[in-house]
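There's a structure below that I have some questions on.
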Amino acid sequence: MSREERYARGLEVMRRIDTGEVREAVTSVADVSPELAHQIIAWAYGEMLARPVLAPRDRQLVTLGMLAALGGCEPQLELHVGASLNAGLSPEEVVEALLQSAVYCGMPRALNAAAVARKVFAARGIAAPDPAC
Amino acid sequence: MSREERYARGLEVMRRIDTGEVREAVTSVADVSPELAHQIIAWAYGEMLARPVLAPRDRQLVTLGMLAALGGCEPQLELHVGASLNAGLSPEEVVEALLQSAVYCGMPRALNAAAVARKVFAARGIAAPDPAC
Amino acid sequence: MSREERYARGLEVMRRIDTGEVREAVTSVADVSPELAHQIIAWAYGEMLARPVLAPRDRQLVTLGMLAALGGCEPQLELHVGASLNAGLSPEEVVEALLQSAVYCGMPRALNAAAVARKVFAARGIAAPDPAC
Amino acid sequence: MSREERYARGLEVMRRIDTGEVREAVTSVADVSPELAHQIIAWAYGEMLARPVLAPRDRQLVTLGMLAALGGCEPQLELHVGASLNAGLSPEEVVEALLQSAVYCGMPRALNAAAVARKVFAARGIAAPDPAC
Amino acid sequence: MSREERYARGLEVMRRIDTGEVREAVTSVADVSPELAHQIIAWAYGEMLARPVLAPRDRQLVTLGMLAALGGCEPQLELHVGASLNAGLSPEEVVEALLQSAVYCGMPRALNAAAVARKVFAARGIAAPDPAC
Amino acid sequence: MSREERYARGLEVMRRIDTGEVREAVTSVADVSPELAHQIIAWAYGEMLARPVLAPRDRQLVTLGMLAALGGCEPQLELHVGASLNAGLSPEEVVEALLQSAVYCGMPRALNAAAVARKVFAARGIAAPDPAC
């Protein structure tokens, strides 16, 4: 495949879970770091995240874990909370995955992750999860 | 619930995904840090990981992501690669979840995680995944 | 103890070092992640931080070290600089604890921590420490 | 050398790569953490970064790597993107060094670093690098 | 003060909490990185950790927090568990400080820190803390 | 380019700085994670690190900074200390780059990095740098 074909495939894979925000964030750095924007789309989405072994929903569970653990990646976590909902995880499942970081990463990381989810849910008009959960 | 009841519930939850290694690792520090051993079992497993919103298999996907991202948690990742298999993830799915850290955490973390999976698979006599994956 | 009793004990423990900001930050995520808010108060404060082996002042020294080292936890560090003052550490002692991160975590983390302390001191009308320190 | 002499030497070393922003950021915490401000200038610049074994340009390559990897140090990375240009690295070289974090630290850290470079370049009126690079 | 005088002061400060292991670890890299060994003793101990604002015992509480949070610094944590005991913290206080990382850094970091304490206590013939703590 | 062609280009790029150890480390996980091994060679080396904007020597300076900062990546740092020497950095320059992590990442990371350099130098029979440096 040519560079352009790989980029096109990446956009296609990205569209399975992205309604535009991920693409916007990536292309926002394209003027300064064109190769990074290309590689995120062509390689990260086009090659790595396109692989069939894990469904997009499953991949999002892994990604939510990684971004919560890394810390300082709130911009990306914001995008991936949205992508997770697009991939079919319910808001309660997203909240639960991030809650799990309280066990593995501690309360500060868990709080910062929850704050990101709160921001995304508010923007999408998603009602608070059932507190009985 | 009393402290002892919560501990018992934690052991019960842990047994859904643990064939003994997680318990052994936790109790190995019990002589020096008895409260930590208690809390991992009674709180982490008994309260947090027992919650029904995510199935054990899904929880393991999140955990694999977090442990790969944290770095320096190879002892815990070793236990959780095993727990993931016990929870119903296939070896290919475990490898794929850890491979995803190449995108979100970089090649060094991904390599260290793959080395841990390799060690666990060898110990369990699991044949190498189909390279066509 | 019931869930409500543990939550009440957590609030009580939190009040030893919190004049409201910690509680506000925690409950701000309660609509989206009610379990996280519950666990921080009921478990983190009610069980773990309530333990008598270390005085609140000593606990705050440990916490300042951890939050400075983690990085990306400025929201929590802001709360804990305040909690540290409430627990009886002087402004000079708080600044000194954060200064120590220059040795163990490097100048960037130390600078970011100092900036947080500066923000809290300004908000509380605390005069600059004696430069002879 | 006295404390004052070491501080003066540090300012001198800092001026090789700083047009004022680094000094401003450091002295901005001097009212609250005077010793930190002193040590960054007198020790970090005056002793450590003054050493001749690596040229300032080479030191900046190492620093860009470290700040991108640490995460959560965007304020310092912003200063050091500027310092790197002052030290003689071209905008393309700075972008390339940060792009390399995609391989070693993952896409989130790389994106956050690229966003910082973008901000600095815009402030300095630096045109976008040649996308053919 | 000359370089040699600062180094001597550093050794003196180090001896308040070190019975030889810290010095040995630092000087073990002196053949390859002589300046690092010099700076840890002359600057870290001689200038920074010598400051009177916090007592050695208090400094150790901060350090235990930082090293547990950083992860991957088990060699240094091992030294500082010992230094903490030398500085007057009891084994129960050391264990409690590290236990606190379960709240702020998560269970993996807390477990790894507890394992380090266990190793040091065993080497020093320190009996297990009273489980009633 | 086909997958095989990109892999071949990656091996070629890797050989500029690798005398076999990097390749061995990567292919050691190939049985369990064949895609990771492929991507490190075909993508990391074949696409990203092959880019001409920075010379291999310059790229190694960035990599040494990132690996020292990440922590817990001693296996990769060991390989890259060797690759840095192969790329034309002198032992003194490698030591100096790692020493710089004392400023930006703190003494623990700096010590762990120096210990790795020491191990590689000993294995290669490299004499200790001139302590006057």
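We just call them A, B, C, D, E and F in the order they show up, numbering each chain from 1.
Criterion: contacts are C-beta pairs under 8 Å (C-beta built on N, C-alpha and C of every residue); 3 or more make two chains touch, one makes a residue touch a chain.
The structure presented is a predicted model; accordingly, all values stated were derived computationally and were not measured.
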Co-neighbours of subunit A and subunit C resolve to B, D, E, F
Note: among B-D, B-F or D-E, over half of the A-C contact pairs reappear in B-F
Of all chains present, which has the mean Cα position farthest from that of subunit E? A
Rounded Å distance between subunit C and subunit D, as computed from the means of their C-alpha atoms: 30
Measuring from the mean C-alpha position of subunit D to the mean C-alpha position of subunit F, what distance in angstrom results? 22
Distance from subunit F to subunit C - Cα centre to Cα centre, in angstrom: 39
Touching at least 2 other chains, the residues of subunit A are 35, 39, 44, 48, 51, 67, 70-72, 95, 99, 101-109, 133
Report the topology of the inter-chain touch graph, choosing from line, ring, star, complete and other. complete
Taking the complex as given, what residues does subunit B use to touch subunit F? 71-72, 95, 98-99, 102, 106-112, 114-115, 117-118, 121, 128-129, 131, 133
Given the complex with subunit C, which residues does subunit E contribute to the contact? 44, 48-49, 51, 53-54, 58-59, 61-70, 92-93, 95-97, 99-105, 133
Which bits of subunit D are touching subunit E when the two form their complex? 35, 39, 43, 47-48, 51
Under the definition above, what is the set of subunit E residues touching subunit F in their complex? 25-26, 28-29, 31-36, 39-40, 44, 67, 70-73, 75-76
Would you pull the subunit E residues touching subunit A in the complex into a rising list? 101-109
